[in-house]
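As written, the chains take the letters A, B and C, and residue 1 is the first residue of each chain.
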Amino acid sequence: MVTTHERLLQRPLQPKDGTAGIERPRGLLESVPEDPEPLLELASRHVVSSRQFDRAKLAQLFRLAAQYESTPQLMHLPLTGKILISAFYEPSTRTRLSFESAWHRLGGAVMSITDPKSTGIAKGESLADIAEMFNNYGDVIVLRSSEDQAVYDMLDTLRIPIVNAGNGIDEHPTQAMADLYTIAKWRPELLQGPVPEGERIRVGIIGVPSRMRTVRSLLLLLACFPEAVGEVVIVSNEPENFDAGQRKELEEAGLRLRVVGELDPVLPELDVVYINAIAWVGDSFESLGSGLHLTRESPLKPGAIILHPLARGKELATELDDTPHNWYFAQARGAVFIRMALLTSVVRRISAVMDTPEE
Amino acid sequence: MVTTHERLLQRPLQPKDGTAGIERPRGLLESVPEDPEPLLELASRHVVSSRQFDRAKLAQLFRLAAQYESTPQLMHLPLTGKILISAFYEPSTRTRLSFESAWHRLGGAVMSITDPKSTGIAKGESLADIAEMFNNYGDVIVLRSSEDQAVYDMLDTLRIPIVNAGNGIDEHPTQAMADLYTIAKWRPELLQGPVPEGERIRVGIIGVPSRMRTVRSLLLLLACFPEAVGEVVIVSNEPENFDAGQRKELEEAGLRLRVVGELDPVLPELDVVYINAIAWVGDSFESLGSGLHLTRESPLKPGAIILHPLARGKELATELDDTPHNWYFAQARGAVFIRMALLTSVVRRISAVMDTPEE
Amino acid sequence: MVTTHERLLQRPLQPKDGTAGIERPRGLLESVPEDPEPLLELASRHVVSSRQFDRAKLAQLFRLAAQYESTPQLMHLPLTGKILISAFYEPSTRTRLSFESAWHRLGGAVMSITDPKSTGIAKGESLADIAEMFNNYGDVIVLRSSEDQAVYDMLDTLRIPIVNAGNGIDEHPTQAMADLYTIAKWRPELLQGPVPEGERIRVGIIGVPSRMRTVRSLLLLLACFPEAVGEVVIVSNEPENFDAGQRKELEEAGLRLRVVGELDPVLPELDVVYINAIAWVGDSFESLGSGLHLTRESPLKPGAIILHPLARGKELATELDDTPHNWYFAQARGAVFIRMALLTSVVRRISAVMDTPEE
């Protein structure tokens, strides 16, 4: 066993080079002028839906995320003494660790709830009472729940902000921010105001907007940039892809939407290809059919980037990892920094990391 | 979904006003003169039973808790570098988070055990060996166990202090401290020495002292203030309410006890009404019968306060939440601060937060 | 219940005296000259196998562990802002808390994975993808897995160091370091170069080297000190005790090995007796037979020390706890300090605790 692995143990650990976008945040940082105002508006606010964000807030969040990503060793820790309640009533190691890592990097302390069976909910306690408990124990809550309604049922009682880390099939706004932050690192100019028609990007989304919370939240954020996103192409086998009113809301915001049934014919047109592992059907889920898989043989446009919120299944071949199309690892890495930026805003610590007017 | 909740997301978060007693700690702080001596006696001591406390220790713990509650942002963190072992062999999110929040607010680090199946106990390890392990890994232990005997079985081996966070049906002393701290914030003058007969309070306890650890511990603490508590009325449907010797011990300490079978007839006489969700019967539990419920129709004395250790079931109607009788939310909030005061004492850090004589 | 335990609650907590080796680290500290060089070589390296260590690295690790053990209150915390990912896919409270305590004492933050069922592995995620996730979320990983291969499967992807906390029946190198650190505190002169033939120690190991990861790792570390260890006696009932090549590798390194079937006849010859609770057989385990138990009646050599990685079963009688043979409690305590030394080295913080040449 050891001889096989001796090489790996001998090898010094080294950061990968820039293909996965790890070294791009500096470009983004320089292309967006600092403006604390939109982030100060997030102070002590809940973050439940992508609808709560606009172009200005997102641009400043991306800028602050890029600032954190460029200087991973913070000089001072702005959240020392602050407590995060990390409540994952639906288990998720990846999202939980991403949020907790973000909080720890800012110097804060974390209390985790990872076993739904040990909680008050399991004992029949109301969500309002649980919210009242959380008020007393922490400074901000991150909530993952398999029930769409759970986060909403807490709002009336909460006196500390709550961040939605995925509620049923409804929304997952911070994942969508991580997706868009990746696109912003790839093409910072998309944040700088109207993009000439010919340079706008075409985004393909493989999945079902009505049943995938990550897709639903991503579409709402893309709709904040209609002058940079030329078209969004939904690739889906389903007869019905949108909820009542969902498509109308997006189109009224200026997003141009197209739905196609097959992936390969449209792939050569796409600048960004977003793919996800699963779609929820009732309480269970289904994987994407093999016609919707990405492999090294897929006719990707040169320069196109692939996004995937991970964890992945068979729909995204590992043989793509070493290609320049792989921005999904940069996306996972960036998710920590965008959450740092959002949490800093929500707990009123923007003045610790940006120049702000006297308060 | 969003239109319904738009108002909640728009609303700025604001602390509730003082009805739930949140702003009362300053009154308590001013009515008790500071004296570090009783708290210094708690240094490096186990906290297993309410019997270990007296009037002077409780008054100073309440004073320090009120000091913490009045100034939530500590200037320096007295427990930096100290480690809490939070061992919940019987799952409990509420009590665990309360203790962990208290420790984190003091700047300490926490190691949690929340899955009993992964522990040495599940593998047949003795409690003495587990205690020896804990000696090496932390500075203080908080233990919740469904076995009365577990905490006692660790004492002989421990070289670091242990705090009982509920042991079977035996005791839950820090919950009782949180209960009494709430009463102290409501009527700080009760701590200032003998109260004239007519101004003493009458406390009603809906529950079974022999089978409820919270009630057992609360009665022992109430017995430290016989000159402030005129009478304790146990409201219970059971034929037998006390363990062998339990009633005698309380009465010898000066507590006047009465047992009644019905709630509503006695309710108009009660200044404090303590109610709990469940009573243990063997390994299972039973809820209180509907005759022992509190609702908006209950004939509560004007000015009476309701206490409940939470989580609640049907026995305490949510329609009471918005009335001035609701001190149970203040009680939950205060539980963090009283635990901060106790833990500061036990880990020998009183000198960091109070003026102490040279040691 | 209280009267029985009143004495224990009244008793002030006091550190045990030196019989269990708690006060020995100062002797070790003085007998090994400080040399940062071998520890600097561990910077950003994985720690998977005992094969990665040599005499010089071990001596300096033991010295730094002894330095930490001698001065438990660190003046400054060298790992402030660093994050440990504590991934226990095979549950283990003892090893997990030992690592987490080590990290917390150095000032770092911890994110724990304790419920294998909530992880990506359970959802079919590849170990390479999980390793990529870990790259983004922490500064070092501690991994416990019941699969031999899991830690190796992560190596190619990792850009942060991983420390093996037990992989199937393969290795458990930090446990072996804790074992040897105990021996080094007991006889610091064993670290100081060739020991005269008559003063070398004889180590008995009750267990099966091919099936016990702790034994496998310990033998590899003992093989770094052939001029101090006169002989290793394996005490086992099994017909086959070694894997293919295992015995040859050890003997080529200079270790003298003997296998015997009975414990009591050889016991009077042994200076160090190492015993473990269980041996793995497929997915299940078996306890040691009663002929391989240690009790107060066992013919132990005067001055011999017993080591046990704990948790223990019936093979090690508690009646030995109060004898000078008990160094297993010191071993458990020392495990925290040796892990502090190793983790400090791996995350490049040696310069914070030792005088190092300009880097």
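General observations
Heads up, the rule we're going with is that a residue touches a chain if its C-beta (ideal position, glycine included) is under 8 Å from a C-beta of that chain, and two chains touch if they have at least 3 such contacts.
Note that the coordinates shown come from a computational prediction; the quantities given were computed from them, not determined experimentally.
At the interface between chain B and chain C, two copies of one sequence, fewer than half of the residue numbers in use appear on both sides, so the contact is built from largely different positions.
For the two copies, chain A and chain B, the CA superposition rotation is 120 degrees, given to the nearest 5.
Chain B and chain C have centres, each the mean of its CA atoms, that are 41 Å apart.
Residue positions of chain B touching 2 or more other chains: 109, 112, 114-115. Of all residues in chain B, those touching chain C in their complex are 44-46, 48-49, 51-52, 80-81, 83, 85, 109, 111-115, 117-120, 123-126, 128-129, 132-133, 135-138, 148, 152, 155-156, 158-161, 170. Partner chain C is touched in their complex by these residues of chain A: 1-2, 4-5, 8-9, 12-16, 73-74, 77, 88, 91-94, 97-98, 100-101, 104-105, 107, 109-110, 112, 114-115, 310-313, 318, 329, 332-333, 335-336.
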